[in-house]
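Note that the chains are named A, B, C and D in the order they appear, and that numbering of residues resets to 1 at the start of each chain.
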Amino acid sequence: MDFSYTIFILLIPITTFLLLGFFYNRIKPAVSGWIGVTALTIVAGLSYYTAIKYFFYTPKLEGKYQTLYGIKMNWMNFTDKLHIDMGILLDPISIMMLVVVSTISLMVHIYSRGYMDGDRGYTKFFAFLSLFTFAMMGLVVATNLFQIYIFWELVGVSSFLLIGYYYEKPSAVAAAKKAFIVTRFADLGFLIGILLMGYYGGSYDFGILNNPEGAAIMNWASSSFMGLSVITWALLLMFMGGAGKSAMFPLHIWLPDAMEGPTPVSALIHAATMVVAGVYLVARMFPMFYFVEDGYALHVVAWVGAISSLIAAIIALTQYDIKRVLAFSTMSQIGYMMLALGVSKFDGHEGLGYMASMWHLFTHAMFKALLFLGAGSIIHAIHSNFMQDMGGLRKYMPITHITFLIGALSISGFPLTAGFFSKDEILAAAFEHNKPIYFITLFVAGLTAFYMFRLYFSIFWGKKKEYEHTPHESPWSMKFPLMFLAFMSVAAGYISFSEMVTADRAIFHIHFDFVGAAIAVSVGLSGIALAWFFYKKPTDYPEKISTAFGRFYTWTFHKFYIDELYLFITRTIIFKYISGSFAWFDQNVVDGSMRGIGNKTVSFSKLIKGLQSGKLQDYAVAFAGGAFILVLIVLYVL
Amino acid sequence: MERVFFYIFAVIIIVFAIASVTSKKILRAIMYLLMSLLAIAALYFMMDYAFLGAVQMAVYAGGIIILFIFSVLLIHHVEGEIEEPSKMRKIGMALLSLLGLGISLATIYSFDFKVATKTATTSVENIGKGLLNYGEGGFILPFEVISILLLAAMIGAIIIAKGRKNI
Amino acid sequence: MDILTLLVVVPFLTVLVLIFFGKGLVKSRTITLVGSLVQFGLALNLLFAYLKERAINDSIMLFSRDIMWFKSFNIHYAIGVDGVSVALILLTAIIVLAGVFISWKIDQLPKEFFIFLVILAAGVYGFFISVDLFTMFVFYEIAVIPMYLLIGIWGSGPRENSAMKLTLMLMGASAVLLVGILGLYFNSNADGGALTFNIFEIAKVHISEDTQRLFFPIVFIGFAVIGALFPFHTWSPSGHASAPTAVSMLHAGVLMKLGGYGIFRVAMFLLPAGALYWTNFFIVLAVIGIVYGALAAIKQTDLKYINAYSSVSHLGMVLFALLMLNKTAWNGAILQSLSHGFMTALFFALIGMIYGRTHTRDATKMGGLLKIIPFISMIYVVAGLASLGLPGMSGFVAEMNIFAGAFQHTDTFHRVASILTVSAIVITAVYILRVVGMMLMGPIRFDEFKNLPKVTWYERVGIYLLLIPVVGIGIAPMWLSNMIMDSIEPFFKGVEVLINK
Amino acid sequence: MIENISIYELLTVSTILFFIGLYGFLTRKNLIAMMMAIELLLNAAVINFVVINKYLFPDMLQGVYFSIFIIAVAAAETALAISIIINLYRLKTSVAITETETMKY
């Protein structure tokens, strides 16, 4: 099967970026919008075609999906053995990601044509979107660790550029910087992990590293550091990079601030695609995570995921900025995916968690993008991010309302929506392999339902507001993506993922467990019911509850002061003390000592310049006296 | 007889030399110097170097001393006095000079000069031929160089002494 | 005349023409432009000629030529190039050309300015083609001396002071270097035979281990001062801050590369045993330089100071890589030299443009420039991204080679040093983004900057000249990397043999 | 050769003369007076040339030639020096050595 055409999936977005980027002031905004949409339509078409071709028409090897290369070429050589390739790797997860990225990106492109209408940097915006799409696609199809790292960084940059899109807003600039630097810090771990892996594993190539019978996995015990295998360390460091990108606790602080970017960007990058890169990375390296040191690193992944999902869900309860609620919700859901990977095993049905994680990634991309775009539609209509400014919007914006409701139901795990199926599998996997995590997950599921419907009711129901301008439904360019994604938020649940994306690439069938599902559904429904009770009509219960929690509420509202802690560490300790003292040291001590040498020379010369009085006779005296002394020495000493 | 003359001249040389470097009145100092130089010329005559003695008298007494006198007259009063150095300096320099003198004399007296016994008379003709000889051991080249040097010095002296016009 | 000697002769011819005909700005810059275009053409020609010749000729140095210069000391005018020098010559040619475009409107004594600029370039070319230590040293001095005048006359701020500091420190270093070179010279007859300055002759000689240990630090420091080794880097921030734009570009872009190149060519090649003995000590200094330069850059507000400290950090990586003593890292060191050359020249050019418009270099005094001068600002962002090692830019390629090389050492000391070095990329991100956020983004805070002149065509040309290599190397490093790697091979032999022992 | 007078006596005279000149050169504060001291120094040297020529190599004349040259050079030197002194006097209205300190540092 020839997949070499897949190179166009990468080439088209980058060409679009260059085209729009170089001629940004010569292309009319409307034209650039269409260029972007057209390019993405082609890319999406190619992705779907590839998916169909791969899953249904490519023969399997011993019942397993094989790894194919669309293209693979040498990019740079480090040593004879270590080299970086650039290429396109096709296997179930990369193809699934291709579909996700291209679909969401296409929807966001279409949506942005309406949302960004009239913006000064319209063309620039589409250029950056194309750049992001290119980078994300490159990341997804990476054939080796270095390629993934390269595109990983490019994704980070396009995220930086897009968060800082409203660059005249200081908060947006700060958020962009924060996002980039925090993820960059995490990437530091990633890079060190890659370098260690390259040295001890002997290659960067996924095919070689992930081979369960390969040298990298078999020889994990050959070297150790502080009680753990070096390979485990490498994996943990790489997971640090993944955690940074996926906003896992404690590296999540950039994600809420990233909501300063335009809403379509939040939908595309900070909900559906880029933030799941960490999950994708762990999934990509899953055999290593699983086999090396009996999955030690995988336990870490599971617990980090669980803790993140819990913390994020709790914080989400108290936020008022609708985009931030969604951001914490994203973080919580990614925590789900992480923990699902973490509890997964490798073979067959044991690898349920892996499959569930990927499935949830897929469905989450759909419904979270939907929710964000819905939120964007609302913000577009009333020009505010805060719930307090909203209420009773269901009459003004019927389509947004319905689609948002579908999204909320899906994320809450309402039966027969996509979220229900994928989340149920995660719960099942957690139940099978790790009970404490299972209970956390179940609790988070309830919280999720509650805060999503708190959001939903406050926006669309609740007290009626007087608006300055009557809110009106968004244009078609925005409604169409909402409707499409709403459809997907239900339909994605009926794709048989277990026959496509599995840990060992072999097919298995899901046993649907009614008891487990019933428990999950009842937890979700009770969350919804509670929200209905609290927020359907304006009541004072929320007020009472929050006062009842007292200190804990304040803590939660301030996101546990993690931001402040980081700010203290960076701004006060690093910037002010370390960096400041280094600058001082350089100006005064290092440079001072160099200048001191100069000054000492000058003062010494001042000291001896009295000898050069300029008086001829002094010189003559010195001359004569010196001559006599020399003569005496020659005559009587030597 | 010659011995007596020699000592007389030696004393003249030394005494007038001392007088010339210590005298306060500059014009007098020049006169003392002249006396000293003439005595040196006398020594040359005694040594049978009549030509040299004549040159000494002509150039020094006739040329250099006159130059000194002119320059003094140009820039000093006739009675112009020289500023005295401090006593300390005088003593110090005298000691330094005596030290040098001691070293030199000690060296001279400890050296055994191989004095030639034969004598030869020197005529002006010999000197002139030697100077203008461009054969082996001839001094024609230094002679010419000196001529050019004198010319250059002459022109230089004029230019320098003339000074810049606007002053 | 052979193509290498032409490289040195053409600048001097340019100088001659400038002296006689370069009256006024237009004439002098036209002459210099023509001269540097010829240079650029020669450098490109050299690249292709080299690639062609390399395919059929496997001697270490190509196009070599050897002319007796001073017979009594056995000094030769010995030249030759390998991939490393070809790449660096191309770098020089491009930066000089860009420098001419950036100095398009220099108003003060243009003729003299261009004369010194071209002389500087000539010295650099000569340095890169020399294989005789004495010739190398002579050209080194030719390159360094004009800096004093260029900064002292055309500079800004406390220029005399900076020029003096820079010149004195570099001269001090070259005195040390001369000691080292003479040390090599007088030990070049260790196996019998004549004393020689030719590095390949010396390389054949078995210099005793004690001698190598004695002279390695001398040669190393002699070269490393110009490569801004901590704590001898202090000439660089003030020197760069005071220098006029084109001089900063040439200086940071090219001149500071002489250090790394010299260490690679001379110290590592001729004194491998000394290198092995001293690496750990110098690694400590290099790592301090890397981390410390980056941290010090965070606190600066003057754009040129930021960039100068950033150079200290980036060039620290060159030294660090050379000290890692393996081919991957060395390849990274050369790549980093090239990459940093283009990138930092681009930075200084942009800073010059911004300064020319706003008349301030204090980042805190500007804001929202992205809206006023979008092109320059956007390129500044790109240059910043290149500086922090974004993939797709040259800096990434170089740094990855260095890191991959560094991680081939498994002992704890090297590990810690490597990890500290890697961590510099985060600090770099901090100070770059800090400036970008403060100066380019945000609201327009000062009314006087609301109307700044648009970018002119010659500034565009200068920018593109420097930007294209940055991106080019970043996207397709393969050819360059292979060319350099092949050339490193013979120079690495000495160290390799000792390591394998 | 002067009868009954040994070379030592003659050299003693010239040496004493030399150091008198030196003393003068070191102590005088007037440029013209210093020039005079220099003349003494030169004369001492000339005497030495002549004496050594006469006593040690009577059949040669090199010493005499050199003496002549020295006298010529002394004349040239004096002429130049005095012209410089006059010029200096115009500038500073003084020929005291303490006034000419521009060689300082």
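Convention: a residue touches a chain if its C-beta (ideal position, glycine included) is under 8 Å from a C-beta of that chain, and two chains touch if they have at least 3 such contacts.
Here the structure is a predicted model, which means the values were calculated and not measured.
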Intersection of the contact lists for chain C and chain D: A
Selected pair, greater C-beta contact count between A-C and A-D: A-C
Distance from chain D to chain A - Cα centre to Cα centre, in angstrom: 96
Chain A-chain C separation of Cα centroids, rounded to whole Å: 37
Centroid distance [mean C-alpha coordinates] between chain C and chain B, Å: 67
Chain B and chain D, separation of their C-alpha mean positions in angstrom: 5
Per-residue overlap in chain C, given as positions that touch at least 2 other chains: none
In chain B, residues with contacts to at least two other chains: 93, 96, 100
Residues of chain A touching at least two other chains: 621, 624
Interchain pairs in contact, sorted by label: A-B, A-C, A-D, B-D
Contact footprint of chain D on chain A as seen in their complex: 609, 612-617, 620-621, 624
Interfacial residue positions of chain B with respect to chain D in the complex: 2-3, 6, 10, 13-14, 17-18, 20-22, 26, 29-30, 33, 36-37, 40, 43-44, 46-49, 51-52, 55-56, 59-60, 63-64, 67-68, 70-72, 74-75, 82-85, 89-90, 93-94, 96-98, 100-101, 104-105, 108-109, 113-116, 118-120, 122, 126-127, 130-131, 139, 142, 146, 149-150, 152-154, 156-158, 160-161, 163, 167
Interfacial residue positions of chain A with respect to chain C in the complex: 74-79, 82, 84, 146, 149-151, 153-154, 157, 160, 164, 167-170, 173-174, 176-177, 180-181, 184-185, 188, 191-192, 195-196, 198-199, 223, 574-575, 578-580, 582-583, 585-586, 590-591, 593-595, 598
Contact footprint of chain B on chain D as seen in their complex: 1-13, 15-24, 26-30, 32-33, 35-37, 39-40, 43, 46-47, 50-51, 54-59, 61, 64-65, 67-69, 71-80, 82-87, 89-90, 95-96
Touching residues (chain side chain C, partner chain A) in the complex: 165, 168-169, 230-235, 237-238, 292, 295-296, 298-300, 309, 327-328, 368, 370-371, 385, 388-392, 396-397, 400-401, 403-408, 410, 418-419, 422-423, 425-426, 429-430, 433-434, 436-437, 440-444, 477-478, 481-482, 485
